[in-house]
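Think of it as A, B, C, D and E in the order they're written, each chain with its own count starting at 1.
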Amino acid sequence: MTVEASFKKQLKYFELDISFSCAEENMMVMIGPSGGGKTTIIRMLAGLEKPKEGKIVFGDEVWFDSLHHINVPPQERCLGYVFQDYNLFPHLNLFDNAAFAAVEKKEVGELLEVFKIGHLKKRKPHMVSGGERQRCAICQALARRPRLLLLDEPFSALDAITRRGLREELKSLKDKMSFPIIYVTHDITEALYLADELLPVVEGKMDNQWLQKMINREPSTEAVLRAAREPRLTLVY
Amino acid sequence: EEKISVAVAANFISAFKEMAVDFEAKTKIKVEGTFTSTGNLYSQIINGAPYDLFLSADEERPAKLNKDGLADTPFIYAKGQSILWSANKDFCKAKTWQDALKNEKVAKIAIANIQTAPYGTAAQKALEKVGMWNDLQSKLVIAQTVAQSFQYASTSAVDAAFCAMSATVSADGKKGCFFVIKEAPEIVQSACILKRTTNRAAAEKFADFLKSPAAQEIKVKYGYR
Amino acid sequence: MDYLALYVTLKLAVVTTVLLMIIAAPIAYVLAYYRFAGKSLLEALIYLPIALPPTVIGFYLIIFMGPKGFIGRIWEMLTGGSLLFTFIGIAIASVIYSIPFAVQPMKAAFSKIDRRLLESAYVLGLSKKATFFRVIIPNSASGIAAAAILVFLHSIGAFGVLLMVGGSIPGETRVASIAIYEAVEMMNYQAAAMMALSFIPISYAFLLLINKLNEARS
Amino acid sequence: MDYLALYVTLKLAVVTTVLLMIIAAPIAYVLAYYRFAGKSLLEALIYLPIALPPTVIGFYLIIFMGPKGFIGRIWEMLTGGSLLFTFIGIAIASVIYSIPFAVQPMKAAFSKIDRRLLESAYVLGLSKKATFFRVIIPNSASGIAAAAILVFLHSIGAFGVLLMVGGSIPGETRVASIAIYEAVEMMNYQAAAMMALSFIPISYAFLLLINKLNEARS
Amino acid sequence: MTVEASFKKQLKYFELDISFSCAEENMMVMIGPSGGGKTTIIRMLAGLEKPKEGKIVFGDEVWFDSLHHINVPPQERCLGYVFQDYNLFPHLNLFDNAAFAAVEKKEVGELLEVFKIGHLKKRKPHMVSGGERQRCAICQALARRPRLLLLDEPFSALDAITRRGLREELKSLKDKMSFPIIYVTHDITEALYLADELLPVVEGKMDNQWLQKMINREPSTEAVLRAAREPRLTLVY
């Protein structure tokens, strides 16, 4: 199933105006400066925010169409969404959180193991570390067997090694379940590694230049000054 | 087991309870009382409360029920006497209650609500008769019921209170002293059998009992006539 | 000491509390999450039972619940019996009398819940109703406890209303507070004080229970 | 319509609400955040005024506030006057009578506050007291509003207690609920209904005010 | 002023047992796997959690000493702490949040500008993006002129460019104010660039091997398989 979306919305300091599509089994990575509108885009896909105009089509379902006044509520879009601030339900332990909307309760235990928090399943969210909470939120989203997965900086609180492992797991899970994934990250290496498609979002619009600028940044005078101390690392992921 | 339900004006609770015990022993008919202000009982009755008998604190309401076809002809079941009571025994050293009230030290006097409580109306009439009503205005404290008027006096919240003779037989009542207010009209309390009663025979038996010497004895014990 | 009256009091308080938790929750939900014309007016109406003196409420309840009243007639059609002067009658009166104490703290608790939790639940496919039971209720435990405590204690002390609607039928509608009232009226202050003191352990036990439940949750 | 009584009622309700917000906040704070032996017992005592019939509370208040009572004597030493049958007297009675309605919702709101906000405030150098005023209070707005609404309305309807402590002195202690009670007793049901209906716009206006304040905050 | 700390505490799955010191004007970077105890260490330094035994000394002040039962409350430690989940006060707008414990209100406006959120100062926290919230939390911590700055993944929600800029700002601010900084991050490049000292924390203990393992990871068979697709980036910071 392919997601196709195009929408406009006036935010306070710029207009969001973007269109993109993400094919089945593909992973689209959104990247861009802070405050650029990535989370807002994800929220619109999830049905939590309403574009001023535009259209969202998933496969042959129309989720949103400003012309025909169609707006499918989040419940019926059947997707997985890991929020940027990964809020779990504070009254439930990690297992119950992950199992909150699970299709098969059995899978939940496995998922928690895959994400290496199986031993913490009896703990409440405030009793575990930030990275552990984040991983639980991913389990929660996956356990409901979504048709589309929205991940808003899901690994931001994880160390490189854990992150690397989980990214692999996510990839293989995706292959098993075959749904499109839209992924927000600030880590370009990660973006380039994961992405089937890249969507650089700057001030609400797609901006391919930004990515270029970011990677091959001309060493400015300032940068030269710093160069003495800066490590040049070749990261082997 | 036979049973009647009686709506009783709150001032008559003590006497009523003893009568009920006596009556039950004699007739094996159980008597249940509901006690609150006469006004409340009246509005219950006109809204269909399942009482068999109504013992009011006045004459007016039973008469009205009778007129509206809700009750039989009323009869008088008790007469009460107004008194002026004080917790301070020195208070009664004066010759008359008027003199006692004129004492400088008497700053506050409780009286039951003159519009809603019969004892309040009676006290007002007595004060008017002796020409003290206007002068005492600033010292008067209004209690809602005659029992509350007595409470004020017994807790020394006021220096003296117009209340019912029946108050003097209680434990606290005995600790103080009182004047009988002869100038106050007697408080005539009348009762009636309600038309909706489901057990007229038993209700009539209790009505008769109220007029009997045995009941009279209890009434006197509690300060009624 | 009138143990039967104490028993009726407890029974009434428990019944009222349970019923009101069920009735008040949806009302509080609507007040917390929806905006509509006349909402404040509706709220004012719901809260009116606190603002009115108990005797006045009792007075109107008699009218409504009496054989000629709206509720009374429906009840008679359904059951053939009268509502006034029965336990069910005082239970209904007590529920109406205590509604505001259940609605207000629940509303406060509901409206304090982090919106993001609700969004999360919606995205996970939960209907509004399911979200209410699985997210809002469990995260409002302290507000619900507050409501339960207020309602329970308030219905122990309720008296003016019950006396009007219930009379004083031993074992049926004669609650402890009526017994106290009668003792006071009879100037039997010691008996009144004894009875009133017995409320302390009852309230205490209930508070302990609620606090325990509340702690177990969190 | 007894406008003077209505005026006294409003004045009393406002005074009670303001006083109770100030008095109840620290009590609620202690109950929400501290654990100590006998806490539940203390709580039960604080909540007792709801559980007791108003006439009983009134009775004990007369004793305490009377010329021989503890509070009454202190007051007389300080001011030379009597406390009973004055506006200040009924204000004190009304405060005591409504304490539970202020404490319970505030406690619920305080205990719901995210611990991390408190930690953040402590690290930023705020003392517990400053944290209370700058973090806890502003983030408990809905609970405080609930408390204010309950207290305000409850003191409008308070009547049994006031009747006993106040003595129905026009312009001083005669509140509207007493006027209603008298109208009912005198079988003047229309006047009672009129007076009771006048509570609706009053409660409504107050609710609007509180809701506006609450919205402005959030 | 130098911080010296050593403490022990039994956590559920391992024992925290570590000691370190961080000199004035130095930045110590803590890095390590998720759930390894980094946040717990920071919380102990802040006085929010109590070690079972140990000692924390700041300059000539003793903040904590289990032997002498000394435990200075967080208020008196006068430090800046950016929490991992950067919770701002929800009832205040960004300006008031940043000014919450400010020494000089005047500085707050400047700080917000430096962190590029000056235009958002009238907004409530829930009205801005995750990265914007995070930056505000840093302003809040700095505005109180702390004697020690604790940063728990302060830039995790920021894109690389913004991050780069802010890191510079932080560095220059630090030089102006001269306080020690303890910094948690999952970004090794960042760690190596910023750190005067590095503290790798694994399961509650210092573990220098971990860093080695992370950087020069032997390409495993798995990694070889992936190699075809993996970009090898040379990031010029």
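We take it that contacts are C-beta pairs under 8 Å (C-beta built on N, C-alpha and C of every residue); 3 or more make two chains touch, one makes a residue touch a chain.
All figures in this text were calculated on a predicted structure; none of them were measured in a lab.
Colleague: Counting C-beta pairs in contact, which comes out ahead: B-D or B-C?
Modeller: Spelling it out, more C-beta pairs touch across B-C than across the other pair.
Colleague: Which chain lies the greatest distance away from subunit C when centres are computed from Cα atoms alone?
Modeller: Following the centroid criterion, the farthest chain would be E.
Colleague: Between subunit A and subunit E, what is the gap in Å from one C-alpha centre to the other?
Modeller: Their C-alpha centroids are separated by 24 Å.
Colleague: Could you please state the distance in Å, as a whole number, between where the Cα atoms of subunit C are centred and where those of subunit E are centred?
Modeller: Result: the chain centres lie 51 Å from each other.
Colleague: How big is the gap, in whole Å, between where the Cα atoms of subunit C centre and where those of subunit D centre?
Modeller: About 19 Å separates the centre of subunit C from that of subunit D.
Colleague: For subunit A versus subunit C, what separation do you get between their C-alpha means, in angstrom?
Modeller: 47
Colleague: Using the touch rule from the top of the page, what residues of subunit E touch 2 or more other chains?
Modeller: Counting only residues that touch two or more other chains, subunit E contributes 85.
Colleague: Give the residues of subunit B that touch two or more other chains, as numbers and ranges in rising order.
Modeller: Those would be 40, 43, 151.
Colleague: Of all the residues in subunit D, which ones touch at least 2 other chains?
Modeller: As it turns out, subunit D has residues touching two or more other chains at 59, 178, 181, 184, 189.
Colleague: If we use the touch criterion from the header, which chain pairs count as touching?
Modeller: So the chains that touch one another pair up as A-C, A-E, B-C, B-D, C-D, D-E.
Colleague: Which residues, counting only subunit E, touch subunit A once they are in their complex?
Modeller: On the subunit E side, the touching residues are 13, 31-36, 38-39, 84-85, 119, 128-132, 135, 153, 156-163, 168, 186-189, 192-193, 213-217, 219, 222-223, 226, 229-237.
Colleague: Hey, which residues of subunit C end up touching subunit A in the complex?
Modeller: Of all residues in subunit C, those touching subunit A are 114, 116-117, 119-127, 134-135, 138-139, 141, 217-218.
Colleague: For subunit C, which residues are in contact with subunit B within the complex?
Modeller: Those residues of subunit C that touch subunit B are 55, 58-59, 62-63, 66-69, 72, 82, 84-85, 163-164, 167-170, 181-182, 184-190.
Colleague: Going by the contact rule at the top, pick out the subunit C residues touching subunit D in the complex.
Modeller: Residue list for subunit C touching subunit D: 40-41, 43-45, 47-48, 50-56, 59, 100-101, 104-105, 107-109, 111-112, 142-143, 145-146, 149-150, 153-154, 156-157, 159-160, 177, 180-181, 184, 189, 192, 196, 199-200, 202-204, 207-208, 211.
Colleague: Residues of subunit A touching subunit C in their complex?
Modeller: 46-48, 73-81, 83, 85, 87, 89-92, 100-101, 140, 144
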